[in-house]
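Next come two complexes built around subunit A: one with subunit B, the other with subunit C.
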Partner chain A sequence: MFSQLKARFGSSLAVGILGMIAIWLLGMVILPQLLMVDYSFRPNLFPSEIGGPKDVYSLGNYETLFSNLIHLKIFLKTIWSSVLVTVLTLLVSYPIAFYLAKVATPRQAAFCLLLLVIPFWINEILRTFAWYIILAYKGPLNAMLLGMGVIDRPIRFLSGDGGVLIGMVYAYILFMIFPIYNAIESLDTNQVKAARNLGAGWIRTHWRVIIPHAKPGIATGCIMTFMLAAGSYAVPSLLGSPGSRWFTQIIYNWFFEGGDWNQGAAYAFLLLIICIGFIALVMRIFKVGLGDIAK
Partner chain B sequence: MDSSVHLDNVVMEFGDFTAIQKTDLKIESGEFFSFLGPSGCGKTTILNMISGFLDPTHGDVKIGGQAMRGVPANKRPTSMIFQNLALFPLMTVAENIEFGLEVRGVSKAERKKASDRLLELVALEGSGTKKVSELSGGQKQRIAIARALAVEPQVLLLDEPLSALDLKLRQHMRIELKEIQRKTGITFIYITHDQGEALTMSDRVAVMSAGRIQQVADPITLYRDPKTAFVASFVGENNGISGRVAQLNNGIAELDCGVLGRLQGRVQDGVNVGDNATVFIRPEHFRLQADSNMLTIPSAIEEVNFEGSYLTLNANTQAQTSLSIQLGSHQYTQDLIKGAPVSLSYRAEDAVVIGGDHV
Partner chain C sequence: MRSETMLRWSIRFYIGVFFLYLFTPLIIMGLATFNDSRFPTVSPWKGFTLKWFSALAEDGAMWHALWISVIVAIGVLVVAVPIGICCALFLSTFQGRGKTFLYSLMMSPLLTPGVIVGISTLIFWKGFSVSGGVMLTVIAQTTFIAAYVMLMVLARLQRFDRTLENAALSLGATQWQTFRRILLPYLKPAIISAAGIAFLQSFENYNTTLFVKGYDTTLTVYIASKVRTGLTPAVNALGLVMISITVILAIVYEIKRRREQQSMSG
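Our next item is the complex of A and B:
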């Protein structure tokens, strides 16, 4: 890399560029993370005690989660709900991605993509607030459903997990649609025709030909959605009721309300580690390699 | 079983564009039938209509006497071999072949039996567990054939399946396809722009141009008695010389071709004295010696190409038109050099006169 930069910019500028990248990476990415790792293994002490005899490394902060049943329950619920969000987002996104990639004319596809992207020019908090209004007890969705006679009294979307699930599916839908769209678009249309020609109905054509081809895209979309959902803060704080707290809210509380950065850091790492482990497991089950995802 | 295909007054329009002009054509049960034409002539559209990927705007496709309008592609008794083969890359060879049977709910054991039998038919025994990517071009070709035959179609549709192969393999596969057709006895409908393929394999050929069928005939008739100027110049090489009909006599027309004098050829009904017409002479029908029983075009050699078993010559006539001539290699002499005068002779019954100017 240095020689390429040197050939292009000369050695002094090349050193400068690489130096800045190094400072940025080390100072702004790696060191803070290491500091957090360091924090997570130390007890939370008064400033006067830091560096004293009590300041020793231990796994205590990590053990807290397993001794606090409420936190553990919220932790497991967060993972489970993120799985639900991922599955729901996949169910919604796959037909859209297939339509965009194989059914729509280029003009229609461009138009639909624009419709999908424009709302994302708006800040996430505002978008989530929009859902808060839509899903409210006396909001437009309930009014519409009542008007159509689908329900006979309003649904409380915003108590419990329903609102959070809906909000998250919407928040992360693009992260699911785009990788699947890319994967399906690269499928030779003759493959679909061949399957049809050999007698396959639409369900089997998708199951045996299109989905196997799109698997890397589906995996990429699912991983992104799952990670974003598990690490989401805005959507559960706005659309969730106190009864449906997300683990990120607990981490936030440790940092900024409890003032216990050490405990917060440990919780954050636990979430990260479990999520990575979970993803690795799912990739194993569905036989997706890392190389497939990097495509 | 009746596996005839009837294009019953079919018209295909895409918006303002008419891809297939009104066509009525019956392909017999067990026939090897080809559609031959340049790209964009509508031959693939015809295949898509038969296979059910398109429904005609007017008229209907009938397979085995059954109307097919509204029958989706997966319910038709046809099976297609795609130009790019479209094998499923994520399945093994056997899974590819068995796919159509799996769809039909055939048991695993029966499927295995069928794929073994088909692999034997295409001479690839024991390749069932291989991945598609491990096969060579010719092998992939055969797997595509086996996969299409597995569903026991009444009609096999082939969309230029040999175009990706090299010359040797292509010639070999022609023979093999013909052999498979003979063994299975099902109707083959073959699409190609390669006249060699169409002529060697087919029982009958439909020559298409601009969405219209120009002529339907067996290969020999097509070559010897083209009905339109397009067929005459598209099927095989041909030299066309335009003129005006001066005389008609016993199926022979005499054309007044200006500087080149009077030239003759066989003519069909519908051409009258005074019409513009073109006489088509095949390169292999020329001789280099003047002969009182034959028609002669005095010319000068422009170019001589040695092609192995034969020679091709280009000669310039006095009307400054270029003619191509094909001779057996044994006829080569030292005199055949650029600029040498030759008397190109042909027999009137070897040439064909078609009404209209040469295109």
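Our next item is the complex of A and C:
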């Protein structure tokens, strides 16, 4: 490891490179995560009791989730809703990604990509806040629907999970479009033409030629979207109500309201396990390796 | 052939609807800034006003939060960019067992939910009696922003022709000179855009920052707290300013890119 770096960069630079990587990987990535897991298996104690006889490993913090039905329900809802957000985002994004990669002229595609990047550069809070205005009880959407006579009285969009789902699809759509676009773009257009000339319909062409080629992109998009949705705090806290809490909000409360960091760490680790599980599942379904992801 | 035309038109229609969906929220948010209403909305329209801009300018807490955000973003830039470059250099040089594992490890912060990055940083530094604040925010954000930098630098590094290095070395340059005069100038464009992305990522981060900020509220956290308590169209004014800056930057970037393209083809 060192000899290869030394041969290219000289020993002092090689030491510097390895040192920086070690500080980052150990001090910021590995050890904090391990400590969080360690925390999650210990009880919440007074500072004087830490290291004492009560400070033993247990599964107590994990049992809390299964004995607290409200938390369990929110946990399952968060997983289910994040899957839903991922599927919805994929359905909305695929045609756009395909259009940009294969239908649009290079000029059109460049212009559309620029347009796409603008909301992407604006932060998540503002993107969500924009929907907060639209979906408000006395907001423009209700005003428009009332004016058109579609509804008789305003709908409370912000009191259920509906607002959260809409906000999330909007907030994370670009994380789905870009990987799929990159994947489809690398497909040789002649392959699409060949499939068409050989008599395949559009649906079959997509199903048998384009989607198989775009698999790594679709997998990356799904993983990113699910992870962002399940781990989102901004969207549910702005567009949700007390009745539609997200699992991240429960975690936050353990840290800053309940004051039980050990319990919070256990919940955080559960969230992480779900995300890792989802990544593994997607990689299995799409038969892609870790190397194909996030290219 | 007719179904082809129909397909083309339906996809165009879909694209139109999609961009409408993408921009309507931002336009409505912008318009609400100018509505003379205590609560930000566009319906009903109560008349044109610019008072929310002056309300924003007089908001001392907002300026303070902006200042904190800038300090944090600069801190992240200083730490995350060198780390990212080192990782990219390492990955492009090292061949052997464990490379895939190390690559996955370096990628893992990007696949970890932001709240967990914040939580693990908070817990880790509690052991050193460091509590939330600017420093911890910089550390937590660096954890995943360094990975972004790594990816961007690595993408350019993979197209680098290593015979250039060998030529320099055989012509008598030291390894340091080769790095300084050959590789670094080659990487410069990627480093600059990675630095831009790192700054932006830091500036707009919410989920991670929320757990490690302590009492040092960044601008994004400030906006979120305003939306939930004490929401007035001044928040829209702030949003509008940020959107305008974004649009201007995007246009400048596009013009620059087109010029470069022209100069390359012409």
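Note that in this section the second predicted complex is superposed on the first by the 257 of 295 C-alpha atoms of A that agree within 3 Å, B and C clash if a C-alpha of one lies under 4 Å from a C-alpha of the other, contacts with A are read in each partner's own complex, and residues count from 1 in each chain.
Operating definition for what follows: a contact is a pair of C-beta atoms (placed from the backbone, for glycine too) under 8 Å apart; a residue touches a chain by one contact, two chains touch by 3 or more.
On a predicted model such as this, the values are computed, not experimentally measured, just so you know.
In the superposition on chain A, A:194 makes contact with subunit B only, not with subunit C.
Counting residues of subunit A touched by each partner, subunit B versus subunit C, the larger count belongs to C.
Of the two partner chains placed by superposition, only subunit B is touched by A:213; subunit C is not.
Contact with subunit C, but none with subunit B, is seen for A:33 once the two complexes are overlaid on the shared chain. In the superposed pair of complexes, A:62 makes contact with neither subunit B nor subunit C.
Of the two partner chains, neither subunit B nor subunit C is touched by A:41.
Applying the stated contact rule after C-alpha superposition, one finds that A:204 touches subunit B and leaves subunit C untouched.
The touching residues of subunit C, when paired with subunit A in their complex, are 7-8, 11, 14-15, 18-19, 21-26, 28-29, 32, 40-44, 82-83, 86-87, 89-90, 93-96, 100, 103-116, 119-124, 126-127, 139, 142-143, 146, 151, 165, 174-176, 179, 200, 203-204, 206-207, 210-211, 220, 223-224, 227-228, 235-236, 239, 242-243, 246-247, 249-250, 254. Residues of subunit A that touch subunit B in their complex: 188, 190-191, 193-201, 204, 208-209, 212-213. In the complex of the two chains, the subunit A residues touching subunit C come out as 1, 4-5, 8-10, 12-13, 16-18, 20-21, 23-25, 28-33, 35-36, 39, 92, 95-96, 99, 103, 110, 112, 114-119, 121-127, 129-134, 136, 138-140, 143-144, 170, 173, 202, 223-224, 227-228, 230-234, 237-238, 248, 251-252, 255, 261, 264-265, 268, 271-272, 275, 279, 290-291, 293-294.
For subunit B in complex with subunit A, the touching residues are 51, 53, 72-75, 78-80, 82-84, 86-88, 90-91, 99-100, 103-104, 147-148, 150-151.
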